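Handing you a structure now.
Think of it as A, B, C, D and E in the order they're written, each chain with its own count starting at 1.
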Amino acid sequence: MNSTLLFWLPLAVVMVSALAGIGIFMAGEQRQGLRTMLNLFAAVAKLVLVGVMGLAVLGGEAPEFRMALLPGLDLVLRADALSMLFATLSAVLWLVTTVYAIAYLERGADRARFFGFFSLCVTATMGVAMAGNLLTFFIFYELLTLTTWPLVIHSGTRAAFAGARTYLVHTLGASAVFLVGMVWLYGLTGAQDFIAGGTLAALQLEYTLQLKVIFGLLVIGMGVKAALFPLHSWLPRAMVAPAPVSALLHAVAVVKAGAFGLVRVVEDIYGPELIAALGLGLPLVIIAGFTILYGSVLALYQRDIKKRLAYSTVSQVSYIALGIGIGGPIATIGGIVHLVHQGLMKIALFFCAGIYANLLGIKKIDQLDGVGRRMPWTSLCFSIGALGMIGLPPVAGFITKWYLGAGAVAVGMDWVIGILVASTLLNAAYFLPVLKRIWLHAPPAAWPADPTVSLLEVRGMVGAALVVAAMALGVGLFAGHPLSPLNWVTGIAAGYFP
Amino acid sequence: MSHAEVWVIAAAAVFGIGLYSLLIASHLLRQLIAIKVMGSAIFLVLVVAAGPIDGALDGLPKALVLTGIVIAISAIAFALALLVRLAEVTGSTSLEDEADDDR
Amino acid sequence: MIAEALAGLVFLPLLAACAVAVVPKRAVGVFVWSGLLPLPALLLPLTEAVWREGLVRLAVAGFASPLGIEWRVDALALVVLWLNALIAVFVGLYAARDYPPGSARGGRFWALWLLLTSAMNALLLSADLFNLFVTLELVTLAAIGLLVIDGKPAALRAAMRYLLLALLGSLFYLLGVALIYGQAGTLDLYQAGERLGPGLLPVTALVLMTMGLLVKSAIFPLHGWLPAAHGNAPGPVSAVLSAMVVKVSVYLIWRLWLWLAADWQPAWALPLLGLLGAGAILYGSVLAFLQVRLKMMVAYSTVAQLGYLMLLFPLLGPLGYSAASYHLLSHGLAKAAMFLAVSNILAVMGTDRLDRLAGADRRLPLDTLTLALAGVSILGLPPSGGFVSKWLMLQAAWAIDGWLWLAVILAGGLLAAAYLFRPLAVLCARPATAQAADDGSPPSATGLHWSGVVALLLALGALAAGLAPAPVLALLERGLPPGILP
Amino acid sequence: MNALEGLAALLLVAGSSFFLAGTVGLLRFPDALSRLHALTKADNVGLLLICSGLGVLAGSLQTAGMLLLVWLLAMLAATVSAHLIAGRALADDTPELPGEQDDTP
Amino acid sequence: MSLAIDLLIATGLVVLAWQALVGGSLFRGIVMFIVFGLTMALAWARLGSPDLAMAEAAIGAGVTGALLMIAYWRLRALGANRPAPRSPLRARVALGVGLLSAVLVAMIGLAAVGAIGPGGEAGQALAEALPATGLGNPITGVLVIFRNLDTLLEVAVLLAAYVASRAVMGDDKAALPLPPAQDAPLVGALVAVLAPLAVLVAIYLLKAGSQLPGGAFQAGAVLAAGGVLLMLAGRLHPAPLCGVGLRIALVAGTVVFSGVGLIMLALGQPLLAIPGTWAVYLIETAMMISIGATLVLLFAGSAGLTGTPRR
């Protein structure tokens, strides 16, 4: 792999969906065929490029794109093991979600605007994944906020704007806090790239208090998007967005960007030893643990399907924070690998919720009676996702919980197991009754809505849901396979705990 | 008291009267005259503060004042055209009555 | 070669303006574009020279500075010259739609437009205090002439108020020049700086000149005339007013404080100027949020953004200096794009009142996008030039532990978010009535019309400024004012 | 104090006294027409005396000629303007000068 | 003795300023302003600069006075309302501000005058460089040779003022109203004498400008005065369109000045260098024509001028 290719590859990966987005904007509303073609071509091209880059990373090389941005500060896009994990996840799920979205919005309005910002949003996610230093991360992190705002207000209703406003208030407020933290950090250390194991060890003695405050600021900055407890309230309100948006947004792009940021801060800036030395792990675990329980309890009370899934996301994402907060190789593996598992499972659930809403007009949980007979395949995917969430063995969720528990014991935080058990019970409490309704209850006389729907739409949406559910299952079953996310994360964690 | 002080005090007094009238006058024409009068006072200070009085006054500030006078008249001429047009269109000759004109 | 470039910058548009005033209507177009388009080309050799030597000097008419007038181009002047050239050409291209060179009103419009461009170039080049007064007057007259070209009553009243205040400002400036000439015996900005010491008189002169210029650049307490003037001006005129005319007097304030008074700056005044800026940011943003009309909102946003330029004084240092100059550049581009987009919306929708613009983005997709992109730069969010200047300013505030300035900059950003996302939300809203009326089939979206593209290009320029600031910042780094140690 | 300077001084004093008379007339007389009468008569003669006095002082014929030209021009302008003002005063048959009654602040 | 005269003129200035700006009717204010202008001309004469005296009298008092008068007449013809007088509170505040500014400027001025060293360095440089140019009058030297960029831009300012006033006018209107022509017999005779005299004086001022006080601006103002007189006497009428000849006259000053400057640059000389006295005369004539034409048009408030009477 010659060096010029290694230089331009990361930029190409990030930019391919941006070009598609601009193309879609230019194409305009009417040319639907061209738009779909552009969408699919860009998604496939990105997947191929990510694949090529993955091979390069496996081959030991580190493709890196560097551009002088500010005096002494560079825009760096680099493909290391961790960024490849998130980049691959995003690329795969983007392709699936595009197929799903095309089917879902067959009769919707303003599709050019939707898909344009949709691809820009993935560009931002890719940028977040590939960022090589905190400044680049911040640039794409903010770009993510800007590109997701139009998606949230897509339907243009009053509720959409209320949700969007809360979303903005939280994210822009957090960005101000994040900016202060970053400026403070750059004030102390100067321009530093992400280096596995952290770069601040030398400063520990001199600036202990300042490092702690900076850590707090950065966690708040990331915490909003990662929906940690006090900062999570925007997530349920942003459910007004159409299903593909809440699927990609709240299962993959926005929420994961926040969690990924937390991983970067803990692992690549502070480094596990410094976190342990400064005792910053414990507060993070406490917040994460509380969020897990808080999210699950609130999910119980939700009657709307998507709201329940939203609160479940709030609690699930905190597993990642929990994992890296506990520290130690095992728990960190559990935390990081949950990045992938939660993504797959949650997107499956959101796809199914979207199908129910779009095809049968079902929005509330008590309308789900007997839907298993009417739509067997969708309900199957929904069940796989739900079981995974609860943490039953064959599906991916189990592996995360197992590693988190083992990791906590290894480090001596036995009480964390209590949280894990409690959350599993709560998950079961809010998912099992739903499954019971779907499969065991008798279907109602007439479904709320039964619009005449083209076969293409049905096959597109259900197909996407099936693919994602299969992947969730496959990741769980073939965890031992060398290319599985689990082994991939074990390799990453090896970098942090030599 | 050499001559310079006389002129400076006169210029200061004229400047003060001009500013007072600018603030008090409600008719724009009066305000434009005030601006022109204040301008003359400033030119006076410019020439007097620059050179020795008994010897030949320094020629450069005089040229500047000449330029200043021509600029002053072009500004006042445009202001008067603007004032007449404003009076024609809105019927008012003062900035105070804020009839809300925008659509 | 450099002398020809400098002469071209001033005399080309000047002679073109004279030609436009003389030739019959059908030939006006040729002279307009031959006066405007070569400007960026003329700047290329100049940029190369400034990059090589850091400073280019030219004694006009061959007489050295105490007697004659001298032209000086350093990094800051070059950056603002580039902004002026870009605005003159791009907003000019936009204006060709509303005021075609062949029309009756077009002749007068383009004569004033060319005079304005030439006057601003002359001002940016000049290093002579009285020559700056003359060019400032020419800029003011040409700008107000453009402001009233449509003859709207509101524009006439705003123009009258602007003219009165501008003339008053010039008087104070002239009094300052009189004092400085009396003390230093020379009118050259840099020579006078060396000859004057931190006595009472030089400081008084500096304060007088600054007061005059503060009125002209509408900084916070003296900003009364700006919203009405920029809000009621025709589209392209409000763009050039906000992006350039107001900035030029702030540029002059910088020249006075950082070059003329480099070594005898009254230290007590720096935080005061900073407070003016902070007041402008907060007051302007709140007022912008309360506006009903889109153009007035953008005008108040100018009042707020000008506050950032005044924050240079408390944050004096290489970081603060390059931050403020970069802000001047990126705000110019972004604000021009925003005003053009707004005037497009005004032209198509017939009104710019927010309560009547619901769902306008369907008919004007391009202009809504421009408004959003320009808003990103005004807000200071990452991929834009605004972010680069905000980032540098935060670091500068950080270096001197300026907690107040840190808070003001962040608050400015958040308030800007408040007043910028509100119109965007309105534009993208789906009014209940329209929903039922056309059930999904959008009204005829005005396709890729020329003026929309020009506005978009300016907005993209503001964003590009965010991605490639390195060369400009390096250039600014080399031309630091004497008052600032690298 | 040779003869020429004596003569010039005499002429200048006479001229200024005529001006004084004209001004007193302007202030004292009741209506426009009588004021015009005072002004046109007294001031023109006064100007002639002063110009000739200066001409004598200046010594060179060319300057004297120029000064007389000044006087002629002043006379021409004075007569025409007096004629116009008188016409206007008669037309309005109002004692004061035109515009006096306008009270724009 | 000379101090007494200075004091007299200085107090005259202050009193006249007060008369012009405060109290009394607007018309009376304008008349007092013209007298103030003439007194200012006296002041410049006392300060030893006849050039400025002539300029102040011709432009400061003469043409500005005419513009004010015609504007006042037009406002009354349009029946513009009389604005309400300001509230007493504002009057007191204004008085305070006026007094404060007068005291401040006085202190600044006195300090400035007190701290004057020998004539400014620029003044000395001017004195040394003047003989080389062959000009006697230092002011014309400064205006046309040493600091000629100022003068060039100043003529451009006049052009801008004209174009801006035309822009304000809007295209629906041929010209602003003018008072009815004075057709009294005497006026015809006066105009027949004064108009050619004005041209003669203007040309004399121009020629004398290089050695003695005078120059393009004073000459231009005298020309303008002649034009205004012709217009008031009904010999010259505003026209809706600006003839080509008039247009060229308007831009002549700027174009000729820039042209000479750029040609010199092309020949390798520094930008705007003036080759010789012939160039000075060329530039001054062009500027005179421009200034005269612009001021007359600003007075007429119209696009152009024509000899034939209005329909």
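The rule we apply is simple: a residue touches a chain if its C-beta (ideal position, glycine included) is under 8 Å from a C-beta of that chain, and two chains touch if they have at least 3 such contacts.
From a predicted model like this one, the values you see are computed outputs, not experimental measurements.
**Student:** What are the mutual neighbours of subunit B and subunit D in this structure?
**Tutor:** Touching subunit B and subunit D alike, sorted by label: E.
**Student:** How many links in the shortest chain of touching chains run from subunit A to subunit E?
**Tutor:** The fewest steps needed to get from subunit A to subunit E is 2.
**Student:** Among all other chains, pick the one whose mean CA position is farthest from the mean CA position of subunit B.
**Tutor:** Relative to subunit B, the chain with the farthest C-alpha centre is A.
**Student:** With centres defined from CA atoms, tell me which chain sits nearest the overall protein centre.
**Tutor:** Per-chain C-alpha centroids ranked by distance to the global centroid put C first.
**Student:** Which two chains have the greatest number of C-beta pairs in contact?
**Tutor:** So the pair of chains linked by the most contacts is B-E.
**Student:** What is the chain whose Cα centre is as far as it gets from that of subunit C?
**Tutor:** D
**Student:** For subunit B and subunit C, let me know how many angstrom lie between their CA-based centres, rounded off.
**Tutor:** That pair's centroid distance is 27 Å.
**Student:** Please work out the Cα centroid separation of subunit B and subunit E, and write it as a whole number of Å.
**Tutor:** Distance between chain centres, rounded to whole Å: 13 Å.
**Student:** How big is the gap, in whole Å, between where the Cα atoms of subunit C centre and where those of subunit E centre?
**Tutor:** 32
**Student:** Please report how many Å separate the Cα centroid of subunit A from that of subunit C, as a whole number.
**Tutor:** 42
**Student:** On subunit D, where are the residues touching two or more other chains?
**Tutor:** If we look for residues of subunit D contacting two or more partner chains, we find 104-105.
**Student:** Residues of subunit B that contact two or more other chains, please.
**Tutor:** Residues 25-27, 30, 45, 49-50, 60, 64, 67, 71, 74-75, 78, 82-83, 85.
**Student:** What are the residues of subunit C that contact at least two other chains?
**Tutor:** Within subunit C, residues 67, 130, 134, 137, 141, 144-145, 148, 151, 156, 175, 178-179, 181-182, 187 contact more than one other chain.
**Student:** Which stretch or stretches of subunit E touch subunit C in the complex?
**Tutor:** Interface residues on the subunit E side: 105, 108, 111-113, 115-117, 119-123, 125-126, 129, 145-150, 153-154, 156-157, 159-161, 163-164, 166-168, 170-171, 244, 247-248, 250-251, 254-255, 258, 261-262, 265, 269-274.
**Student:** Touching residues of subunit E toward subunit D in the complex: what are they?
**Tutor:** 25-28, 76, 82-83, 85, 182, 184, 186-187, 189-190, 193-194, 197
**Student:** Would you tell me which residues of subunit C are touching subunit E in their complex?
**Tutor:** 3-4, 6-7, 11, 14-15, 17-18, 21-22, 58-63, 66-69, 104-105, 108-109, 111-112, 115, 118-119, 122, 126, 128, 130-131, 134-135, 137-138, 141-142, 144-146, 148-149, 151, 156, 175, 178-179, 181-187, 200-201, 204, 208
**Student:** So in the complex, the part of subunit B that touches subunit E is made up of which residues?
**Tutor:** My answer: residues 1, 3-21, 23-27, 29-30, 32-34, 36-37, 40-41, 44-45, 47-53, 55-60, 62-67, 69-78, 80-85, 87-88, 91-94, 96-97.
**Student:** Show which residues of subunit B lie in contact with subunit C when the two form their complex.
**Tutor:** It is residues 22, 28, 31, 35, 38-39, 42, 45-46, 49-50, 60-61, 64, 67-68, 71, 74-75, 78-79, 82-83, 85-86, 89-90, 95, 98-99, 101-103 of subunit B that touch subunit C.
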